[in-house]
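Handing you this structure, nothing more for now.
Labels A, B, C and D are assigned to the chains in the order they are written; within every chain, residues are numbered from 1.
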Amino acid sequence: MPKNKVVPIEEAMSRIKSGMSIAIGGFIGQGDPLTLIDHLKTMDVGDLTIYENDAGFRDRGTVELVKQGKVKKIVASHIGTTPEIGKAMNEGRLEVEPTPQGTLAEMMRSGGAGLGGFLTPTGIGTVAEEGKQIVELEGRKYILVPSVRCDVALIRAHAGDTWGNLIYRGTSRNFNVPAATCADYVVAEVENLYTMGELDPNAIHTSGIFVDAVVRANIDYCVIREEVFNGQ
Amino acid sequence: MASDAKKVIAARAARELEDGQIINLGIGLPTLIANYVPEGIDVVIQTENGAVGVGPAPDPGCEDRDRANAGNQPITLIPGGSYFDSATSFGMIRGGHIDATFLGTLQVDEQGNIANWIVPGKMLAGMGGAMDLITGAKVVYIVSEHCSKDGASKLMKQCTFPLTGAEEADVVITERALFRRYPERGWVLEEIAAGYTLDDIAACTDMAYTVADDVKFDAYGAD
Amino acid sequence: MPKNKVVPIEEAMSRIKSGMSIAIGGFIGQGDPLTLIDHLKTMDVGDLTIYENDAGFRDRGTVELVKQGKVKKIVASHIGTTPEIGKAMNEGRLEVEPTPQGTLAEMMRSGGAGLGGFLTPTGIGTVAEEGKQIVELEGRKYILVPSVRCDVALIRAHAGDTWGNLIYRGTSRNFNVPAATCADYVVAEVENLYTMGELDPNAIHTSGIFVDAVVRANIDYCVIREEVFNGQ
Amino acid sequence: MASDAKKVIAARAARELEDGQIINLGIGLPTLIANYVPEGIDVVIQTENGAVGVGPAPDPGCEDRDRANAGNQPITLIPGGSYFDSATSFGMIRGGHIDATFLGTLQVDEQGNIANWIVPGKMLAGMGGAMDLITGAKVVYIVSEHCSKDGASKLMKQCTFPLTGAEEADVVITERALFRRYPERGWVLEEIAAGYTLDDIAACTDMAYTVADDVKFDAYGAD
């Protein structure tokens, strides 16, 4: 029987130390691991480097860690939904590395897949190619993008079993899948916990092979999403 | 509410759609295009955060917390739609599996360069998925008001803002005119909206273009 | 309503012409598109280049096309299950390009994802690096492998709807997923056909976005698999 | 039926397993290891054609046409197992998500080079997933009879066949001895099976190695 990885959140998160790099799943609130981020707010860690599509939505998500001064750098495709991030950047409190969304997703996926990097046509002729090696193949130019490997990944799923097999729901899948693969230590918060064998083996989106710790999601995520939808 | 200009642009853009196409609509004005899809034309809408088969907005109170588009607006899914992760989604986009993308812009220029992700000196938002969409979609439509709020032409000789994509714009649709870019000839003015003259368009367009022999006046109505 | 792509097999396959490159899903019989291959046997085409994990099993699968002299070259990871392939190669009737299995899968996936290529550590220090560019990143050597794009892909799925959304079953998923993405024209044979909306949108393995034609699988695949298992 | 030598090797290899490990077993001898997993140790078996959680072989008549391993043998799946595609599978493998791989070999040498995919002049089979497994798995176990059928040592000074992987072998387990390779020291003889002497091993081993201070004789029984 595969190992039961369900642990208290304190134990799951205790591996996170100052200076670490963290890949975070989610997309402006859709599938963001808010339970884990809320716990991270209570921890005494700093100098974090975050790889995430965005920093959350308004005052929820990674932006809260930035406000606390825990984050040194964020590599993201979009920070427009969290004005505090731009402010922190402009005031020199935070380094921001804007990265095309597809490139960021592929950096994680590629790192998780043991590849050194990949050649993307995205960003040729733009600032995205600055400082990067350009490779020409069959007359077309590509940017050589190195993969990313993180110390930790924090993700959220709709359903999970005790070994960490995960199923996402709707558009909350997004960056959770590549983020789950690219870190040495992966913590998943799950909305619904099942015993092994209850989830359809053909329908698993993230194999438990990638997951190290499973935690129950304890935030009323529905309420937060309703606020988001009503605020628009 | 969307301005009249935006509605005019969205309606004209929708008439570019072909049956069976897979399209991606940017945030804002481009999203309106879904409201004007002509009868008899079925297109399938992809949203880069991880869904294909985006349907109409849900009725108020029926939003699903796990169904939203890249602009974080609640969506529905049509029968035949499905969800996927971000790496797969951008695989579709870069891999040429999207027939057309419709995007707003800050600037577009003679070379087909597009600048729509950053205004130097202003708060950074980030390029999101725009660079990938512009690079990967088979046809890139710029749907935008002709001039910026200060009256300057968005259709420039050369973009002054950092680019989102180099030589990628294929069609520009504004509330005043429609231009298409051809490999040899460059930008060609093909349609002028009712109420504008050739001189009007020339006066508000900084980029070089030629006028199609069969340029259509009083366009943007029914075909 | 998305387009109905179900067509007669003759129509679906008529796009295949001599000289084309074809990516084929399956793994030594598991999920091989035998219906489509059987049809291809009846067609007047030649000089084909095949990208596939293997050439089938004993006398079933792509090996049949090789016997007919339709295939110029095969890029595969394993041809040991079809002795005829090695024979054809030794006799100069067929070009074989042995490729590590993970590299082949990634070549298809990468081509389908619009990437120019990728950096893999697999094969460094072996013949797999011959003729390839080597890139060093952070002290580790990688082979730069160009992506593959094919004219056609032939795949098989357990379930599919009329738009070409596909669900695979068990280990028959394998190369069908990356093969489906990397071709200009993709034909899927499905064991069970559904109308749109019947398949769970969270459980689709291959989106209909990748598929151009859907054909009903008309071979008694179960019987063939039983033969394989009993023969071992 | 597997030979006694193969059973001895598989049984000793199984005692290397640690609770909770993810492992991949090559075709042939390595597959036998699953039969000897010690009590109290739970390992999860990945098969590179697209499954994790491989269980015991099904009863005759209960084979499932869509459940097989990379050797095309019918398998079962344990609760918690799942299926995936080949690109994802090799992502797991190259990405370091497999703790150990057990593979047979034709040759292994002083540098840890492995040659197990082609015999020049003989019919080509192909490398399958072996190159990826050897490169990606955290620990690479070579499980093989000590000598080839003609009596030559498979543990060579230098491989003469084309390599499957360069400097990747970590442990060699034969029916006669167990060697581990360390960064500074190279191959170290750590265990000798009952019935063999130090001289016996020296006589049938061409690669250079040192003998561990605490080398274990009459090994391969219970620990």
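The working rule: a contact is a pair of C-beta atoms (placed from the backbone, for glycine too) under 8 Å apart; a residue touches a chain by one contact, two chains touch by 3 or more.
In this text, all values refer to a predicted model and were calculated from it rather than measured experimentally.
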item	value
Reference chain C; chain at largest CA-centroid distance	B
Centroid spacing, where centroids are CA-atom means, of chain B and chain D in whole angstrom	56
Approximate Å spacing (C-alpha centroids) for the pair chain A, chain D	35
Whole-Å gap between the CA centroids of chain A and chain B	29
Of all residues in chain B, the ones touching two or more other chains	77, 83-84, 87-88, 90, 93-94, 135-136
Chain C: positions in contact with at least two other chains	106, 109, 113-115, 120-121, 168-170, 173, 201-202
Set of all touching chain pairs, with the criterion as stated earlier	A-B, A-C, A-D, B-C, C-D
Touch list for chain A against partner chain B, complex	27-31, 53-54, 57, 76-81, 83, 86-87, 89-90, 96, 98, 100-103, 105-106, 108-109, 120-128, 158, 168-178, 205, 221-222, 225-226, 228-229, 232
Touch list for chain A against partner chain D, complex	1-3, 109, 111-115, 161-163, 165, 181-182, 195-197, 199, 201-202, 204, 207-210
Touching residues on chain D, where the partner in the complex is chain C	47-51, 63-70, 72-75, 77, 83-90, 93-94, 113, 123-132, 135-136, 162-167
Touching residues (chain side chain A, partner chain C) in the complex	106, 110, 113-121, 135, 137-138, 140, 142, 144, 146, 167-170, 173, 200-203
Residues on chain D engaged by chain A in the complex (per definition of touch)	19-20, 22, 42, 44, 46, 52-53, 77-84, 87-88, 90-97, 135-136
